[in-house]
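The same chain A turns up in both complexes below, where it pairs with chain B and then with chain C.
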Partner chain A sequence: MKKSTILRATSLAVAASAVVALAGCAGGADAGTGSSGTLNVTLANHPWSDAVKKALPDFEKETGIKVDLNIYDDEQLAQLYNVKLNAASDELDVMMFKPLQDTLQMSTNKWLVDLSDDVTKDAGWDWQDFQESARSSVTVGDEVVGVPIATETAVLYYRKDLLAAAGLDVPKTMDELTAAVKKIHELNPDIYAFGARGEKSAAVTQFSSFLYSFGGDWVDKNGKAAVDSPEAIKAYEYLGGLIKDYGPPGSVDMNWPQVMGLMQQGLVAFYPEGSSQYNNAVDPSKSNIADQIGVAPIPSGSDGSRPYNITNFAIGINSGSKNQDNAWKFIQWATSKDNVLKFQQADVPGPRTSVWADPAGTSALPADLLKVIQTNGDIGVGYDRPVLIAVAAAREAVGTPLVTAIQGGDVADAAKTANAAFQDLLDKEK
Partner chain B sequence: MTAATVTRANPVARKRRRSRAGDSRAYTIFRVVALVVVVVGLAFPIVWMILASLKSNIDIYNAAKTFSFVPTFDNYVTVFGEQSFLPFFWNSFVVGAGSTGLALALGLPAAYAMSRFTMRRSASTVLLARIIPAISLIVPWYFIFANLGLVGGYGAMILAHMFTSVPLIVWILISFFDGLPVDLEEAAQVDGLTPIGAFFRISLPLSAPGIATAAILAFIFSWNNFLFSLILSGSQTKTLPVAIMNFIGYASIDWGGLMAASTAITVPIIVMAVFFQKYVVSGLTAGATKG
Partner chain C sequence: MTQTNLRGSQFGSSLSIWANRHRKWIFAGPAVIFVAALIIIPLSYTIYLSFTDAANSLRAEINFIGFENYVAVLTDTTRFWPAVGRTVTFTVGVVAVELALGMGIALLLRRPFRGERIVRGIILLPLVATPIAVGMMWRLIFEPSIGFANQLLNWFGLPDNGWISDPNQALPTLMFVDIWQWTPMMVLILLAGLTSLPDEPDEAARVDGASAFQRFRYVTLPLLMPALIAAVVLRSIDAFKTFDILYATKGTGGGSLHEVETVNIYAYGENFLYSRYGLASAVLVVFFAMVLILVAIQLLRRKKDY
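On to the complex of A and B.
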């Protein structure tokens, strides 16, 4: 009896002192939360964020607002938002997000402040200067929930030297692409004449350009799932077939780091991928064949060349933030004409039409890339994945037939199953 | 004790066995091959990581340069220069040492009590903390810590990490104390020590191996913990597993930097493990066979 009393007393004392010590700890180290008046800006690890980080002292000097900048990898960011915003945190002020992945979910959960009035208030800042597809990607109903910051489009990377050696022109149609891949494969059996993402969910975005170019889409005119349409099946079979016959082994587990890695080693001849990968392909410190990389438009299918052309990131304000005025000041500064131009010169393709019309904004880009980006601006499709709240689950579903095609299975059957699963997800959100 | 240590400890026996039958040679060959397979298998990822940390990004993907390449320290310059990783080491150390120290302060007496007074139900309750998936705890925790104003400081992370280290420490030490004869404490009490005195002067020094095992495992758990640190740290208090993600970008991954950072993060743990190894081994065996 006595023993246990003493032990209990000791442990109580230890626990009490621990709590006191921790409270002391916290007081000292607590930095940059909402209560202190600094602006908390949470960004994804993206060239745009690096450019902002560099320019940040200007903003702090101009406005006297202190900014606490936190940069995370985008999967971490998604996890962070999920936890913090579900707990109605006031800790986050400015948040970077992926419009096509997050806008619907975040606005349904009322995590984002409605900026409709703010964006139209300042004529000098000029909301209308943002590309229409960029504006629509952050508009839900009549609410504007974010400001676009960077764009991306589908391109076809290819090896100039291999094409020249085979005496081929850059393929302009899907049939020409198949023929070129075949010929390069015959001339260079040691390399993979074609490479592309094959990992089910990751492949969806790059597959989208092929889907659209073959005349398909994720949903039909009535909003019903349409990934089992004859056009979609053709697209699955085409892209999956190229990967199956000419792609690297293990393609179904590959995302861009793997395929780009092979391309950098000179082992891939053609590779459809996002324009944001351009620097990886042509950086001599990462690539053996940096000077041999060409960029072409996605070839035309039965419905012409219809690449995706999207806003890959936007910034918005947390609806729980107590610092919303300063947050808007930051957004306005970061997306001003001057800064979008400045960031574009630092390799971040901007969402404003004015920077693309300005030679100062385009002179740094290589001619072939610039041409594709500008063409895609006119002909591109504004989404590269199904548009719904449950994007992640939908990507898993609609990516499956591509995997089946790569593995040589029954694509029509897989597309039917995928379509049913996708339709279920759509129905749940009605 | 394994067969290997027995043979090593007794050369005479080994000699006799080898000369007696042919199958002992087969056994030796098998043992060497098995050891090589296991060591190569386990060490390869670590060796690859260290080699990759000394390569340029262009060489990392080149299979021909797996073992022969021109080494560079650029990646380490990135880690400690451009990315200034030293503060993250400090943060991880503070959180690891703080949570382990406090968890020991709570867990040691708790384990002793649970062992000596057969409080099995309490012991199971403590274990519950490790059974619940961390992800289901983090939202309510974040809510509580945010309202207490603790998020972004060391305090919240230390408390969160304690949640996993206390059960670990308690359970390792319960079985350890179970193995310590009560007679020793009773003898000490006969000689005039109070129960507390017997605990501090007799049981505690005897359980040093168990404490070392529990402490090092708890420290490693904290050192590697990602989720709690991601949610609860601030820009000034990021720990290493969170900071290492700086090398993974939306459209680029700096494999060289990532591998250099991984190597730098692993080294302190390996040094610690080697240093405490004999305690860890005896501690784990004690726990495994008697628990």
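On to the complex of A and C.
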């Protein structure tokens, strides 16, 4: 009897802890110094953050403000914001976020300070110098909730040596790409002639360039879900088909680290991915074919080449921060013309027009990458995922037909289901 | 006690009488407060949230919506019930195999032998490894193009497998990882139970001419039952809640087809990815009820037996 009481008590306690696991997260508070003189800067793992970290002593010397800078992985960061901002914490001052993923939700939640007045105050800092698409990515209504820091566009990574051995030019159209992939596959049956993200949420951003290039979009002119349009279905079938026929096994489980890993091993010939992965692709310490990686524009589909061209990161101020003046000083410093130029020279494509017009700002970038970035600046689409508050759920919905295509299922049917689910999410936000 | 400090000591003694009378509560107090702070408060908050439409921001206006979340959860046949199915498959599968393996290994380790300590030490290694690191390690091993598992198959002339990345094989593969990691725990508990058994009944059975299997089936097993049930209950509850290796290998959502999405992973996604706190809380409360029912069945069955 006694044993069973102990057993019962233990079981109950263990069972209860299952439920407590989530709620318990809210309890863990760091020994942060919110309201004191220290400025808490929370950043994502990105080359921009490394560049800022390096330059930080300048800021501390200039202003006398002590900065506590922390860098987290994407998912950790999302969790941290979820927990701390829900608890109205003042432990975060400056926060790095992804405009297309977070701006709508964070501003709806009133988690970000309205910077509309700050950005126009200082003519020398010059808000108008930021690219228009970058400014609009952090503007909700007439509120500016952040300052853009880094831009990204879609590119096609390819193996120069394999292409040369096959006697092929860099493919300029989707049909040429298919032909090139086919030929390289025949000549090199041991490698994967094409590779791309296939995990349904992760794949959405890279799929977007194909969707646009085939003449589709997430929503139509009336704002209705349109991922079951003939154009969208064609795009799903095209990209999914290449992955199915020529991609690595297990593609439906792959995000960029997996595909990039295979490319670094010399196992992938063509790979559409974000320009921010460039350093990874050509890093000789990670790959012995690094010098054979070339960068080309996304090939033209029936609607031309329409890659995404986005502001992938911005920084803003936590509305619960008690250190907002210093936080703004930090943002102003980190996004000044001088620093954007400096960071761009460290391979972080920035959002300032003047830096792109300045030879000093472009000379550090490799010629092929620079050419693609500049072209995409003119022809690119300013979003790489559906634009709504429930973006995470929407990505899962619109990514599903691609998974179906990779698995060789009925894409039209999957697109219809996805469209209904996506429309449902859009309706909820009306 | 002297006359002068009578008043003071009167107070002191009444306090000590009171303390003496309520010593049960005073000694248990710290533990009760601890439990209240760490379990009851978060649990109540979760139950409260489950009846609201809390989403996006907990600082925004939260409305009571009655049982709407529960209806949504319990009628959800695309995510919730398949997740329950996977949770049950996972739990029953791993606990059954771990019990069988654990029992076998414990019986082998029961008698003293040369190198006993080294063998025991090695067997316990998976148990002390960090689950996230374990997940990462197995994900690399099972990588279909460059991983070790497929190389091993190829050496034996067998074709490649998709393992964790193949939606049909992911769950069984991860069950294998769980079995690899948690069988030692079974071994530990069963071995402790075996060592504490008296030798006499076994010897008596031997004298009576019982075979090795009969001695195990009719002597060792019944005597071991309390330890065995404790091991199965603890391990089942733990397996039911498995989160880390699933999350580390397949991420939020449990893969492109939700192929390893258990109830825990589903609730996590609802909460941290979709920010639907009300719905996520309802999922967890339902999950909690399921665990409670499991425990209750187990306890009732025990009462009937003994």
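The rule is simple: the second predicted complex is superposed on the first by the 398 of 430 C-alpha atoms of A that agree within 3 Å, B and C clash if a C-alpha of one lies under 4 Å from a C-alpha of the other, contacts with A are read in each partner's own complex, and residues count from 1 in each chain.
FYI, contacts are C-beta pairs under 8 Å (C-beta built on N, C-alpha and C of every residue); 3 or more make two chains touch, one makes a residue touch a chain.
Since the model is a prediction, treat every value here as computed from it, not as a measurement.
Using the contact criterion defined above for the overlaid structures, shared-chain residue A:198 touches chain C, although it does not reach chain B.
By the document's definition of touching, of the two partners only chain B reaches A:45; chain C does not. When the two complexes are overlaid on their common chain A, residue A:305 makes contact with neither chain B nor chain C. Contact with neither chain B nor chain C is seen for A:323 once the two complexes are overlaid on the shared chain. Of the two partner chains placed by the overlay, neither chain B nor chain C lies in contact with A:153. Legend: residue contacts after superposition of the two complexes on their common chain; A:213 is shown touching neither chain B nor chain C.
Legend: residue contacts after superposition of the two complexes on their common chain; A:286 is shown touching chain B, with no touch to chain C.
Of the two partner chains placed by the overlay, only chain B lies in contact with A:89; chain C stays clear of it. Touch criterion met: A:396 reaches chain C, while chain B stays clear of it.
Across the two superposed structures, the residue set of chain A contacted by chain B and also by chain C is 3-4, 7, 10-11, 14-15, 18, 21-23, 27, 79, 86-88, 261-262, 265. The touching residues of chain A, counted against chain C in their complex, run 3-4, 7-8, 10-24, 27, 75, 78-79, 82, 85-88, 105, 108-111, 192, 198-201, 248-254, 258, 261-262, 265, 267, 389-390, 392-393, 396, 399-400, 403.
Put simply, chain B touches chain A in their complex at residues 56-58, 61-62, 98, 102, 105-106, 109-110, 112-113, 117, 138-140, 142-143, 146, 148-156, 158-159, 195-196, 227, 230-231, 234-237, 242, 245-246, 248-253.
Only residues 2-4, 6-7, 10-11, 14-15, 18, 21-23, 25-33, 35, 44-47, 68-74, 76, 79-80, 83-84, 86-91, 256-257, 261-262, 264-265, 274, 276-277, 279-280, 285-288, 312-313 of chain A touch chain B when the two sit together in their complex.
Interface residues of chain C, counted against chain A in their complex, comprise 35, 38-39, 42-43, 45-46, 56-60, 143-146, 160, 162-167, 170, 226, 229-230, 233-234, 237-238, 240-241, 243, 250-253, 255-257, 264, 267-268, 271-275, 280-281, 284-285, 287-288, 291-292, 295, 298-299, 302-303.
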